[in-house]
Amino acid sequence: MKPLVSIIMGSTSDLPIMEEAAKILNQFKIPFEINALSAHRTPQQAVDFSKNALSRGVKVIIAGAGGAAHLPGVISALSPLPVIGVPIKASISLDGWDSILSILQMPPGIPVATVGLNGAQNAGILAAQILAVGDNQILETVKAFKAGLEKKIVAANEELSKIKYEFKVN
Amino acid sequence: MKPLVSIIMGSTSDLPIMEEAAKILNQFKIPFEINALSAHRTPQQAVDFSKNALSRGVKVIIAGAGGAAHLPGVISALSPLPVIGVPIKASISLDGWDSILSILQMPPGIPVATVGLNGAQNAGILAAQILAVGDNQILETVKAFKAGLEKKIVAANEELSKIKYEFKVN
Amino acid sequence: MKPLVSIIMGSTSDLPIMEEAAKILNQFKIPFEINALSAHRTPQQAVDFSKNALSRGVKVIIAGAGGAAHLPGVISALSPLPVIGVPIKASISLDGWDSILSILQMPPGIPVATVGLNGAQNAGILAAQILAVGDNQILETVKAFKAGLEKKIVAANEELSKIKYEFKVN
Amino acid sequence: MKPLVSIIMGSTSDLPIMEEAAKILNQFKIPFEINALSAHRTPQQAVDFSKNALSRGVKVIIAGAGGAAHLPGVISALSPLPVIGVPIKASISLDGWDSILSILQMPPGIPVATVGLNGAQNAGILAAQILAVGDNQILETVKAFKAGLEKKIVAANEELSKIKYEFKVN
Amino acid sequence: MKPLVSIIMGSTSDLPIMEEAAKILNQFKIPFEINALSAHRTPQQAVDFSKNALSRGVKVIIAGAGGAAHLPGVISALSPLPVIGVPIKASISLDGWDSILSILQMPPGIPVATVGLNGAQNAGILAAQILAVGDNQILETVKAFKAGLEKKIVAANEELSKIKYEFKVN
Amino acid sequence: MKPLVSIIMGSTSDLPIMEEAAKILNQFKIPFEINALSAHRTPQQAVDFSKNALSRGVKVIIAGAGGAAHLPGVISALSPLPVIGVPIKASISLDGWDSILSILQMPPGIPVATVGLNGAQNAGILAAQILAVGDNQILETVKAFKAGLEKKIVAANEELSKIKYEFKVN
Amino acid sequence: MKPLVSIIMGSTSDLPIMEEAAKILNQFKIPFEINALSAHRTPQQAVDFSKNALSRGVKVIIAGAGGAAHLPGVISALSPLPVIGVPIKASISLDGWDSILSILQMPPGIPVATVGLNGAQNAGILAAQILAVGDNQILETVKAFKAGLEKKIVAANEELSKIKYEFKVN
Amino acid sequence: MKPLVSIIMGSTSDLPIMEEAAKILNQFKIPFEINALSAHRTPQQAVDFSKNALSRGVKVIIAGAGGAAHLPGVISALSPLPVIGVPIKASISLDGWDSILSILQMPPGIPVATVGLNGAQNAGILAAQILAVGDNQILETVKAFKAGLEKKIVAANEELSKIKYEFKVN
């Protein structure tokens, strides 16, 4: 099955963060591919990737990078597809502020849909929500997932209600 | 024609920023609606809006807010639709850092596709890119727009090349 | 005994921080309840909680959350009760700046009484001070607590005075 | 009528900000007093004020200050009353970050209920909410105020709905 | 005369800042060219420019950009020449922090020689210092310029010494 | 009369800020001198100044600078005299954060007594307090000045007490 | 021997930082005292201490505190003596930014001589430099200490010169 | 062989960071020297070093420092050579922001070519790029190094392509 979502990262050291996007897409049964591609170290591949993604059938791109994180913006400049940017708090990164700002603050005309620091899972969910715009089955998956979020906190709350503080039960 | 994009803002004082989203959607010939809705001042309307947007035919929501900007996140919590958040540097806002962080840093499960500070135009373009996932006509519009970006800078560059500095032309 | 203070948190992972509020209320013999409730994952419960707290006899709400921390503000929007917000430096949080700003910078009309980062103990004390406005017994408890603060530092100082540096006693 | 709320400010240059607290209390028909008092320039008066406020019948203190803003914390150290702190972006202030942090980050035992930068109106509302804990008439006032917030945004929205964009009405 | 330094900027709106680099190179009699080139709006030109600069005889590249400023880094990725980056506090820029961090924090292997915010004059001087490594005439120019810096402040100091304060001359 | 305090600044453009130090010293009748001296543009003079200040009879040095503000630290490295640093929010400065951090964060062994941003008046007062350690007349001047601070705020408060709010006087 | 320097700290947990001031004063053979005193928990003692320090023969006060660090400023408000403030990165502190800003940004009239984060050793050296204004023996100690700084780095450099890199010695 | 690059650091504790510059120069077969030199602790040596570096045959200086990092700027003030500054996140440093700002924000006339936090490897590469302006053999080395960057990420990508996610291969 052709990948609908292409997950790319600036360095394979970002994999522990970025695979959260893969896991959620896997759980949602949305076909994806995952690759390392650097705006700086493999610029030509980044250009080729960006120009060909649409014709290869990719619908959404998720790009994660740390430090001066140019990858999401560079891809957005070269492809008409929606690009989701994941700022990564990598060892090179200044507590993540550098990746957040260099992904978020794109100039007019070249948007990047930025998620929170290390927010690869949310990037995967957002990709599903975007695909759901043209796919009712994925829409149902998203709706079911959202309903499930509630269950977890309700269950947790039951645990919480068992905690007793000395005075509480008077 | 039913709106495909719903633009909402936390306060009508945000209109000068948020109408940039409306203008670009208008230019792209994508039907939209525009409303003020506050997560804090009209919480019930915000809930109703979020729950009904999908069934009303809305495909993408653009939400802008300043300060402790909860609107995009609250809507994302209540709707399966993709939500684009626009942080606004309003008078209440601490140079925009508060709106950026309170829109961007959403918890796992509830993504907001955040654009740059006051980036309503990019929010409109991103909405078009998302719609283009299921609509080839919009995809062609997006591609044409991207091609146009280049022309402007090429023209500007021609202007630039006419500037002469004393030594430059030896 | 009906709870006068309701402690809520965005996630049960915030319990180690938030139970400091419970402990101090317990020490002050003020009845309280403690629950997890998410502005994002259980939005309807958050709405119901906020609307019913007053009629259930709750007088003060303490709400803690990390990251894009919307819980205290959302509750304040829906209840006339005073809401104390506790910014939490959780793993999702950008060193706590995001939770501080998204709790503190509320728009006009919907205040949140914000305490310092991870300041749940201070939230509990503040709740007691608020209750003391209409309850002389709690006022006496608060006054006794404040007097006790001094004793601890005086005792610590006695320890300190025993430290000898080589030259000090010449 | 004896003041229930005491508004104090570090410098009379803070009056344009702090009088927003006075205005809302006035609108709520809650008696208040307003004074300038500096933790640094009139330390003895600040001590005397803090020690006597409770016995003078004051129930809530609102203290605003800019820069290294010590006034709210110093008062909280000396009085059992709830103290609401208003960080002020004054000319001496480093974009307001200094006043926010020096009011918010109080040590355990001495809470200050901090509101947003220049948030004196919210401080006034919060004071009313605190008084409402022991006063049903003020509670009704607060509830009516909250209901009124909604009306303003609904009215604004009607204005907004009259804006026509070229394509919007097809 | 072939340009030794190529000044590029992300947008012609950056010209008032970037022409300070041109002016100092002009004063140093170092041939240069000046162009607008966007990593995002004209990505192919940016690639072509970077790949051809060396063979066209350019020795140093000065690149300025604001916001999520990718231009200097993208050029550095594609050219072996030293690239000087000028962060620009443009209207899109978040007080300049975004441009500073997205230029400075480059990953290992692709350095950008970053100067201070809006520091185009220093970029020009640095370019001259780099050229001076292989050109004694430029080295003499740089040395003369440095000597001249001192003269200005000595002259200013003479002005200063004429200011009289009331008590100063007793 | 020989100057006891030497006020230096990195650039004459800092004079409007730094003359506040001169004015207060003048008011305190403490002899001073005022000069421009740059750690970067006149390094040799800065070295000479630092090495000779003590033998010329100077007791305290006040040094102000903006941006990467090295002047106070460089002088402190070369003179045994106490050096007071004044961070200046100059046009080159990044909202003053750069000058604050590059003056304050000196390494072990070379202290700079840093005052607040643009805090030249406080630098002058601190210089007087330092001189007062060995001079009873200056000590009396400082004590009188401190007493005067209180009077201003008491007078201002009288003005404040004349403001009437509608409800206040019931 | 009467203490010339009084070291105070907001909490005994600050002792591991603040004793660096004691150690250097001890090394300099300057008599000192060391106490815990809280602007918030023992406000009356802080007032008494500040008012009596001068008459007890203290010449310089060193005050360290973390979080919303009011101690140095409160003491400066109440004593004519020079007060050196040490911002402490304590567990309550927001990476130290809160203590830096609430110590540094004092209003006009009440200076605090701030040293770098956790810079207690520098506070001790600065105290010695201040005492040296009226004491030639201490001046000689300071001069000897400064000379010693150089020796350490020269020795370290000799170690460094022994490191061989493969290519270095060709 | 005479060193072409001089690596200096403010303290030998910076060696683990700064030796990355040495390693890359070694790999590039560019002769270098490495020394500790402090703007503050050995000011005279810093002056002598700066004045003599050019005549000793040094072509590029790399200077690293943490905290209030004055070393790169002070050297740049005294030498016509290009100076590369490496901000270091040392224990004294405020998360590195202080070293970044005090190296980057140099005043007009005295540029420092700043690289990212702890970016000593990039400083070494940049030094090579600068030397390559006048040396074709080094230019070839730089070009080969850049080509090698790509290979590493291509190899890493092959590893990545072997990771299988459950759904991915359908």
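Per-chain numbering from 1; labels A, B, C, D, E, F, G and H assigned in written order.
We adopt the following convention: a contact is a pair of C-beta atoms (placed from the backbone, for glycine too) under 8 Å apart; a residue touches a chain by one contact, two chains touch by 3 or more.
This structure is a prediction, so every number in the text was calculated from the model and none was measured.
> Need the graph distance between chain C and chain F over the touch network, please.
2
> Measuring between mean CA coordinates, which chain is farthest from chain C?
Taking each chain's C-alpha mean as its centre, the farthest from chain C is E.
> For copies chain B and chain D, work out whether under half or over half of the interface numbers are shared, and give different or same accordingly.
Chain B vs chain D: different; shared/all numbers falls short of half.
> When the centre of a chain is set as the mean of its C-alpha atoms, what distance in Å lies between chain B and chain E?
Roughly 34 Å separates the two chain centres.
> I'd like to verify one number: the distance from the centre of chain B to the centre of chain H, where each centre is the average of its C-alpha atoms, in whole angstrom.
One centre to the other, that is 40 Å.
> Whole-Å distance, chain B centre to chain C centre, using C-alpha means?
The separation of the two C-alpha centroids amounts to 36 Å.
> Listing for chain F: what residues touch at least two other chains?
Those would be 11, 38, 40-41, 67-68, 92, 94-95, 97, 100, 104-106, 108-110, 116-117, 149.
> For each chain, which other chains does it touch, given as pairs?
A-B, A-C, A-E, A-H, B-C, B-D, B-E, C-D, C-G, D-F, D-G, E-F, E-H, F-G, F-H, G-H
> Please output the residues of chain G touching chain D within their complex, sorted ascending.
So the residues of chain G in touch with chain D come to 10-11, 38-41, 43, 47, 66-70, 73-74, 76-78, 92-94, 97-98, 101-110.
> List the residues on chain C that touch chain G in their complex, please.
95-97, 100, 116-117, 149-150, 152-154, 156-157, 159-161, 163, 165-168, 170
> What residues of chain B sit close enough to touch chain D in their complex?
Answer in residue numbers: 1, 11-12, 15, 19, 22-23, 25-26, 29-38, 40-42, 45, 67-68, 92, 94-95.
> Over in the complex, which chain F residues touch chain G? Could you list them?
Spelled out, the residues of chain F in touch with chain G are 59-60, 80-82, 84, 100, 104-106, 108-117, 119, 121-123, 125-126, 129-135, 139, 142-143, 145-146, 149.
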